[in-house]
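See the structures that follow.
First chain A sits with chain B, and in the next complex the same chain sits with chain C.
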Partner chain A sequence: MSGLVINEVRRGFYLDSVALMRLSRGIAERDGVEEAALMMGTPANKRIMDDAGLLTATGQAAEGGDLVIGIRADSHARAKEVLQEALSELDKPAGHGGAAVQWRPRTTRAALKQAPDSNLALISVPGDFAAAEARKALRRGLHVMMFSDNVSLAAEVALKQEAKTLGRLVMGPDCGTAIINGVPLAFANAVPRGSVGLIGASGTGLQEVSCLIAQGGGGLSHAIGVGGRDLKEEVGGMTTLMALDALDADPGTKHIVLISKPPAAGVAARLLERIGASGKSFTICFIGASDLTLPANARSVDTLKAAAEDALGGVALGVGFDPVMMAARAPAGRGAVWGLFTGGTLCAEAQVIFQAAGQVVASNAPIPGASPLDPGGSGHQLIDLGADEFTRGRPHPMIDPTVRDDALVEALASSRVGVILLDVVVGFGAHADPAGHLAPVLTAHRRADGPVVIASVTGTDADPQGRTAQAAKLEAAGVMVAPTNADAATLALACLGCVPGRDPTNRSA
Partner chain B sequence: MDGSTMSDDIGKTLLNTPPKVVNLGLESFALELSQQGVAVVHVDWTPPAGGDPALADLLSKLGA
Partner chain C sequence: MDLIERANKEAVRRMLAGDPVLVDVIPAEQAIPTLGERMILHAGPPIDWARMCGPMRGAVTGVACFEGWTANLEAAAEQAAAGAFALHPNHHFDAVGPMTGITTRSQPVMVVENRAFGNRAYCTINEGLGKVMRFGGNDEEVLNRLRWLRDDFGPAMGAALREMGGIPLKSLVARGLTMGDEMHQRNVACSGLTLRHLAPALARVTQDRDALARALAFIGGNDQFFLNIAMALGKAIMDPVRGIEGSSVVTAMARNGTDFGIRVSGTGDTWFTAPVEMPEGLYFPGFSAADANPDMGDSTIVETIGLGGFAMGAAPAVAGFVGAGAASEAGNFTRTMAEITLGENPEWTIPALDYFGVPTGIDIRLVVETGLAPTINTGIAHKEPGIGQVGAGVVRAPLACFREALLAFAETLGVL
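Presenting the complex of A and B:
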């Protein structure tokens, strides 16, 4: 942090986090600039800028509704020049091309005057303000999907109680995925309509299962996200229970899949009692849970892949995929597996597969039985790069794939790593070309005797990025692509000779 | 509202109606919905109450 830092504050100037990320990156790449960030002046963001050596007293005085520009350059003159360029960028007319409307309302109330038959608010404003916007939307008769995170548990409980009284659904906070009536909302995929209804406390869990159901020839009635904390005791599964009631009453839904981390015991009991009272069949995928006592109309599965197969009536996915045969084509494996996941539930599913194969695994988001991450450890490490510690002040790695680059380069260079395991999640909301971003990083840093790289692609060919096209880009970069995330984890183990029935000493080099 | 009335209401007003969306925050979400032909109004949102979250929360409770 040797350079010269200047700050500028624009009072009452809001830009969304993706727009700010693009601007920040463009400015940071200019000659003579060491570091740059444009952030809303919330306390959390000011701490991040301070830690990065990008905050002066000017920026420190900013409020949550102000935009702070921080630039560190090799000279004061250069910093001032780049600041002027940044301000010019901000003053350019916003590119609203393609939006459905010309005039843009500034509040939900004004939006409803323009479109009084709206039925859903999709909220992705900063977490500090999200609960207030959700409350306003509920009281104006809208259902709510809250993509925003950093909303307090108390606020979540209060919102959900109010929504219940009003007969409205609050999906979230921290709800990344929903598909309502065939419409993908936020991070979701283009999947056919069908008779399977999904309810999930996990965005990527919903995405993987919905895409695999599509891959197996099925389709969805609806996919309802509930937010990662809905099944905690404090929230009591309020949205999940309302979603269950709604899908149970929905004539277009014949089978229901429930996806979550293990719920609180009391919540699990209430859910299973409600499921037992339904006339429909259920698949329960509580990733990492054990010892569930299920009603007769429900089956429990351990993985997202198994959930999709069960929902499809037992259709096997990934037929023809043979991890042992595929592993035999890779250089002899040694060392540990490093999994670098953008999807939290995909990371959890990989942990389930490793544990089932008797492997000890560490993670920053450990499932029951897994260890906390040990950065100096030599064992398998499966990392959720979407966790708070990686996304504070920046977009999710499914939007901004550069979040994974440093860890990937480190893994490619490490003699401890035998296999690198990746997920590539496409669909609406996601980066326009995540495989196209990964490929040059792999090409530039890969060594002939370096780790084997394995990936899966969560998506469909109807998605904007195209699943097949993404897989082809990965394969062209030397990545072994498995049909599902679970299969990719199994293939990683096979490369190390860890799949039951495989002899690691008897394999071709 | 009892469970059956509530689920009927959610069915009627959300599940069995084409989504018509009011979007607050990431503009890319509104653009993608619009490109799919979904009715969406993007709110030109700025932090309310002068950027004071506690005041914004209070105002929302008061119906402002």
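Presenting the complex of A and C:
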């Protein structure tokens, strides 16, 4: 934090957090800028900016409805220049030159007047205001998707109880992904319509499974996000149960996939009971869960890949991909695997694969059986870069891939690292070209005897970034690209001679 | 919650039921019997001489000379400082006045009667543009015009209105909206329509042809003639909305050049004030923002009923003039104001917005919730006394008085 920080406050100037995050990234990318953020001046956001060394007394004085722009640059003059650029970005009209500017409603009330047939509100406001906005939407008869996080557990429970009484769905808070009637919401991919319904407490889990179903020739009826805490005892799976009812009653849904971290025991019991009462078939993917007693119409799987395969009726994904053969083409690795993930559930899935291969694995988001991260340790480390400790004051790495750069450079230089494992998540809401961002970083910092780099791309070719195009960019940068995140983890192990199911000490190389 | 919804429904019902008719012009002391000697009504919430801005002081001293209470402006200022004049808001006497809004006993006032409720509201006659008392002007030219209004024009217009049985204003405003007026910054159409109604009756009641010609030319030469009528109309419509228990609807917004004040139906006649803001606008050549006085006048009663800045979509020309952005964006102002209002006026509609009705019934809860302050179209006075208008622009009502009002409102409902 050596640079010069300047703040500017725009009174009563509101933009939603996704828009601001994207804007922040564009500004922070400019030459001479060390760090930059545009945020609404809520106490929580100001703390974040303060922590990021981006807050001055000017920004400190802002209120929740004010936009704070914080820029730290290598010189005061440069900071001021970039501030001007940021301000002009804010003022750039949304419409086309010369044409009438489209009016955008600022409240749910006005939006509903303009589009009275709407049935869902996507809420992406600072956490302090999110519950109030959700309640307003519910009372106007709308289903709610809450992208916002930092909503209290008590508020979540109250909202979901009210929603239940009103017969409305509250997806979230902290719900990153949903596809309703083919409409992608927040972070989601362009997948075909079909007969598989997804319910997930995890955003990237929903994305990976939906993309793999598309890859296997299937399609989705709906993908319903429930928020990361829905299956906690306190919330009791209220949204998940309502989503189950909805998909159970939906004639377009033939098979239902449930994706989550292991739920609280009581909640799991209620869910399985509800599933047992359904006439439809289910795939249960509780990442990292141990034995479940399942009803006859449900099967349990350990990975997202297996969930997709099961939902496709047993279609095998990644046919032709041979990790052992592929690993043989790569220089024999030494050392450990460092996984640098932007998707939390993708990180969890990799841990499952490692554990199944008998590997000890550490993570900042450990699944049951994995150990907490030990920065000095020499073992495998699988890191979720989307976790709070990395995103405080910064956008999510799916929006801002620079979050991964420092760790990636460190891993490339480390003699302890034999394999670097990456995920690349594309689709709506994600960075415009994450592979294009990774490639030059890899090229610049790679050593001839350095770690092998392995990645998979979560996405479809119908996505704006294009899955094939992203994979090609990675391959051109010397990355081994696996067809799924699970396969990438398997390949990482194969490169170290630790093929799943075999004793890791039995090195074939 | 139910109480508020019911109360606000009633408030909007009363606003829409209002039937304002311009019925007369009479001396202020006749209209307001309590308006006595050395009593001066001003725009905005209460204020004393010490806190008055330059143009309002200019108008106070000018009117003291006009009424013959002092020999000259200097003496008037001394007496004012010594407390020789009783200063009160127009709003406390059923009246409104633009900019400085100065009203005294001998000035003629236009009478608008709300026939649905039987109440009356008063406003002085618009003096025209440039150096005028409402913008703080106070020289002989200004005072002579006031004398002519008092002695000749006012009585003639009053006689004409009585002869013709008054001019119904609701439909006139509706037509004005379709012709590009928003009734605050732009009153070209409504002033012309008024002249059309008034001319035959004026001709019948005026013996002297020159006097008639001068009266007709005065109206015809003043694009803002209708502003003061619109203001009395606004006051006449809003007064019956005052004092509805549980209603969060704004019944008045007014500025005295120092403070911005609002009144809310459910909190009775209490003023909630905050410092006025500076308008953003365009200036006459030779003037700049450095010369500008902060926001002033009772004319925001026009926005209170859904006109002015709220009806910007009807008057794209104004959007360009006041520097509010492209003319094509004018409708955005109106639609945005609909975010803080309870309903739309089904009779006052805007063709260019597919007959969207002007946003009606400002709800302080919505203002505070959205952080969207009412948009006001306004003239800009010079900050020094005696100079007059220097520009026109757009200004926002300060949010602080809405917040304060909301807290007090919550207290009346026992939720705080």
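Here is the rule we go by: the second predicted complex is superposed on the first by the 429 of 509 C-alpha atoms of A that agree within 3 Å, B and C clash if a C-alpha of one lies under 4 Å from a C-alpha of the other, contacts with A are read in each partner's own complex, and residues count from 1 in each chain.
By definition in this document, a contact is a pair of C-beta atoms (placed from the backbone, for glycine too) under 8 Å apart; a residue touches a chain by one contact, two chains touch by 3 or more.
Everything numeric here is computed off the predicted structure, so don't read it as measured data.
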{"item": "Which superposed partner A:65 touches (first chain B, second chain C, both, neither)", "value": "both"}
{"item": "Touched partner set for A:122, first chain B, second chain C, both or neither", "value": "first"}
{"item": "First (chain B), second (chain C), both or neither touched by A:321", "value": "neither"}
{"item": "Touching partner for A:390 - first (chain B), second (chain C), both, neither", "value": "neither"}
{"item": "Contact breadth on chain A, by residue count: chain C or chain B", "value": "B"}
{"item": "Contacts of A:139 with chain B and chain C, given as first, second, both or neither", "value": "first"}
{"item": "Partner chain in contact with A:248 - chain B first, chain C second, else both or neither", "value": "first"}
{"item": "Which superposed partner A:12 touches (first chain B, second chain C, both, neither)", "value": "both"}
{"item": "Contacts on chain A seen with chain B and repeated with chain C across the two complexes", "value": "12, 14, 65, 99-101, 105-107, 110"}
{"item": "Contacting residues of chain A [partner chain B, same complex]", "value": "12-14, 16-19, 40-41, 63-66, 96, 98-101, 104-108, 110-112, 114-115, 117-126, 128-129, 131-133, 135-137, 139, 142-143, 147-148, 155, 164-169, 180-181, 183-186, 221-222, 242, 245-250, 252, 428-429"}
{"item": "Footprint of chain A on chain B - complex, ascending", "value": "1, 3-11, 13-36, 38-48, 50-53, 56-57, 59-61, 63"}
{"item": "Contacting residues of chain A [partner chain C, same complex]", "value": "12, 14, 65, 99-101, 103, 105-107, 109-110, 113"}
{"item": "Chain A-touching residues of chain C, taken from the complex the two chains share", "value": "326, 328-329, 331-332, 335-336, 338-339, 366, 369-373, 399"}
